[in-house]
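Below are two complexes that have subunit A in common, paired first with subunit B and then with subunit C.
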Partner chain A sequence: MGLDFTVVLRNLDYLLWGRLTDGELGGLLLTVVMAVSAGILSLALGIALAMVAWRCQASRKLLFLWAELIRGIPLIFVIFWLYFLVPALFGGGIPNALSVILALAWFSSAAIMHSVLAGLQSLPRSQYEAGIASGLAEHQVLCWILLPQALRNLIPSFVGLFASLIKDTSLAFIVNVPELTTVASQVNNRTQLFPTEIFLSIAAMYFVLCGVLSLAARAVCGPSSR
Partner chain B sequence: MAFEFRYLTAAIALVIGLTGAAHADQLADIRKAGVLRAAVFDSNPPFGLVDEKTHNLVGYDIDFAKAFADKIGVKLELVPTNPANRIPLLTSGKADLIVADITITPERATVIDFSTPYFVTGQQFLVPTGSPDKLDGYATARIGAVKGTTGEQALKTRFPQARVLSYDDVPLALASLRNGTVQAITQDSEILAGLLAAAPDKSKYKLLPELLSKEEIGIGVKKNETALLAEVNKILVSLEQDGQAGQIFDRWFGKGSKAPETRNFKITAQ
Partner chain C sequence: MIEFRDVHKFYDKLHVIRGIDLSIARGEVVVICGPSGSGKSTLIRLVNQLEPLSRGDILVDGQSVASSRGRALRRLRSQIGFVFQQFNLYPHLTVEQNITLALRKVLGVVPEDATVRAVELLDRVGLADKRFAYPAQLSGGQQQRVAIARTLAMRPKILLFDEPTSALDPEMIGEVLAVMRELATSGITMVVVTHEMGFARELADRIVFIDQGVILENDKPVDFFLSPQHPRARQFLRQLLSPLHTAND
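Entry: the complex of A and B
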């Protein structure tokens, strides 16, 4: 069976940016936008929660329980619920893509929190003690001495989490948000004859996206990073 | 997985349905907002699909959705959906109407209201050209069906005297029709029409217009929105009377389409 990739070329603009010319983001571009937004949100939330957990023992149990709760639910359910619940709670004005971004961010923030906390705890105790001894307050030690070192060590772990996040955006197809997987199945169901060609190309696009991320991270960190 | 989702969907629909405030009149809300939100398929040709050139949603359902918005005098907003999300979209208030090839069933009718049917499909018979035109002519025949389909069930109910031979897929059933093992095969009309269109020896067979079992497709409306339901029904009947409904059918199922079909129904008031 010969493969005929002309179907991908014919629909390439739709697969890459959807209905952008009509003001509606879609395709690979929407996948990137969703992954980046969810990545930034979850990074901010995860680091903030890790700082709280590090400073306040009492909150730690509660935060761990919360993280456990998130881990125990399949992401696709969270996406599904937020799709119907966010508009029900805040009115219908929230774009569907945003509800999926929130689901992804919420989900990833638990993993980031655990990573960052582990990163902080793995630093030598002397770093903390030296900071306190030089007269810094505890929060200053955390922000200026511990976090910068921990985050640098955690970059490889973040790259892994972010690659998962990119691939997890494909779950948005369950609520018809027109990201890469959704538009690909739209094209496939219209043409019906070229599923292999279409989905192989989509897989290649995800692979390239994740590969670029890894290369970029390596370039940023330099060969010294573990 | 699909099954669990259905339960989940139903549970969410129920929760949201219970907590959601009962609107006084959704039709008035639509007029006030100036927007009609219709849940439609984006991946189910020819009912709803994304056009290759314009990238817009097009299809049989989308044409009806446009007609509703036109007649009510508001803008149309299409909410793309898959089959499982149709009813929750309606009950959660994300859509005003389901215009997505939804079959009217008693089970679904307990959760949402349905308009009068605007599309009728069902199981048809594919037979050799020289065979009888009436379904009853096959009451004692050997008939091929596809395993586990509603057609297989319907045959056994309607023609208990017939010998039903079940096949794994339609092309295999067609092969049996070719070599004379069965005198007819049955399947959804769209599938048979597509099969016939692709067959190299299509002139040797014909589709019987009579349906073995009937599936009626309606517009889904939130429960107890009587004004909106009445308006939808009124518009459907008027579309039939001024010929627009027929034109929409011809556009997607007529002679120029991939698998042409005969329109053997009319939209009528309930």
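Entry: the complex of A and C
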């Protein structure tokens, strides 16, 4: 028996952007939008927390505990909680996709905090001293001297985290957000006959997405790091 | 200008600076020398509180270093230039940005004026053409000259040098010493930890010899080189001038 990919081609627009023409974002495009927004949010939150942890010894223990807590909970639980919690707190008007984005961001921010803090601590102390000696305040040394160097060193690890984020958006399936996995299973339910072709194709889409990302990252930071 | 008053420094239990009293006048060039581990770096790092004092006080222009905190401490530090052995340039910034960063963030100089000052100083240390280079693209001697330009940009009242030439290849020492020579004759107060005895003899107003955290000699260069009083200073000089001699001959 051969594989027949015509079902994928026939539904390609739906898989790629869902009902975009009706004003409802979906498919691969929604996956990308969710991953990018969660990525930006978690980066901002993770960096901010790392800065707090770096400056204040007392807060560090608390933040580590918090990160440990997140690490010990399956992401799918967080998604469920926010799915019920966010509408309860802000009324029913919040799209499901947004609550998943918040869950993903919250989850990844712990990992980002840890790697940014490690990145800051791995810089030579002499950089800090040079800044302090010139009269800069500690937060200025952090913003203008340490963070730029640490973040640059961390680009490869951020790329890895972002790739996991892309793959984790597929968990939005359980709360029925029409991202790539969800629309693929809708197509599969409708047609019934070609599950292998459909799920092979979306696996390839995830793979290409993550592959393009790491190639781009290597192109961006390759020349400067070697 | 700088006055050490019974200064002590402990690293945990290790008593590194053990009761130093020393006055340095405005415009004076003082060279500090002594064996490795004697506390030279620690002593000058106490002046701008890169290390906190354990006991005693240092007065800089009458201001107590021990009781300076926050804004007052930052102001003090901005008036004291510190040149490190390893240069400590910021690798992610260009030469010009290295010089202008503190100008803009600490002194609030507007970018255009900061750039003008950077160009001026790069010219002074002979590196006008390296303005847009990154530190990694410069030789050690060039990096140290940029580091000196960076501290000069703040128009400090005092310059502290911690072995500014000992991380350099021999052929680059001269270019850095030339810049320092120009500074020494410009009337700025300088405290220089160095083993460059040529610089000390020619330009120092005073040589302070410390060993194990105490001052053993505090003389004019002629007296220090011709008739050092303390046996350990004599031994130090002998070793410095002919390094192949063993410690006990």
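We take it that the second predicted complex is superposed on the first by the 223 of 226 C-alpha atoms of A that agree within 3 Å, B and C clash if a C-alpha of one lies under 4 Å from a C-alpha of the other, contacts with A are read in each partner's own complex, and residues count from 1 in each chain.
Quick note on the criterion: a residue touches a chain if its C-beta (ideal position, glycine included) is under 8 Å from a C-beta of that chain, and two chains touch if they have at least 3 such contacts.
These numbers come from a predicted model, not from an experiment.
Colleague: Contacts for A:196 in the overlay, against subunit B (first) and subunit C (second): which applies, first, second, both or neither?
Modeller: Neither partner.
Colleague: Quick one: name whichever of subunit B and subunit C touches more residues of subunit A.
Modeller: Of subunit B and subunit C, B contacts more residues of subunit A.
Colleague: In the superposed arrangement, which partner chain does A:136 touch: subunit B (first), subunit C (second), both, or neither?
Modeller: In the superposition, A:136 touches subunit C alone.
Colleague: Going by the contact rule set out at the top, does A:174 touch subunit B (first), subunit C (second), both, or neither?
Modeller: It touches subunit B, and subunit C stays clear.
Colleague: Look at A:187 in the shared chain and tell me whether it touches subunit B only, subunit C only, both, or neither; answer first, second, both or neither.
Modeller: The first partner, subunit B, only.
Colleague: With both complexes superposed on chain A, which partner does A:152 reach: first (subunit B), second (subunit C), both or neither?
Modeller: second
Colleague: Is A:127 touching the first partner subunit B, the second partner subunit C, both, or neither of them?
Modeller: In the superposed model, A:127 contacts subunit C only, not subunit B.
Colleague: Quick check on my understanding: which residues of subunit A belong to both its subunit B contact set and its subunit C contact set?
Modeller: none
Colleague: Please name which positions on subunit B make contact with subunit A in the complex.
Modeller: Answer in residue numbers: 5, 8, 12, 16, 19-20, 42-45, 49-50, 52, 55-56, 80-82, 85, 88, 92-94.
Colleague: Inside the complex, what are the residues of subunit A that reach subunit C?
Modeller: Residues in contact with subunit C: 126-127, 129-137, 140, 144-145, 148-149, 152.
Colleague: How about subunit A: which of its residues touch subunit B in the complex?
Modeller: 10-11, 14, 18-19, 22, 77, 80-81, 84-85, 87-88, 92, 174-176, 178, 182-183, 185-187, 189-190
Colleague: Please name which positions on subunit C make contact with subunit A in the complex.
Modeller: 48, 50, 74-75, 77-80, 82, 84, 86, 88-92, 101-102, 105-106, 150-151, 154
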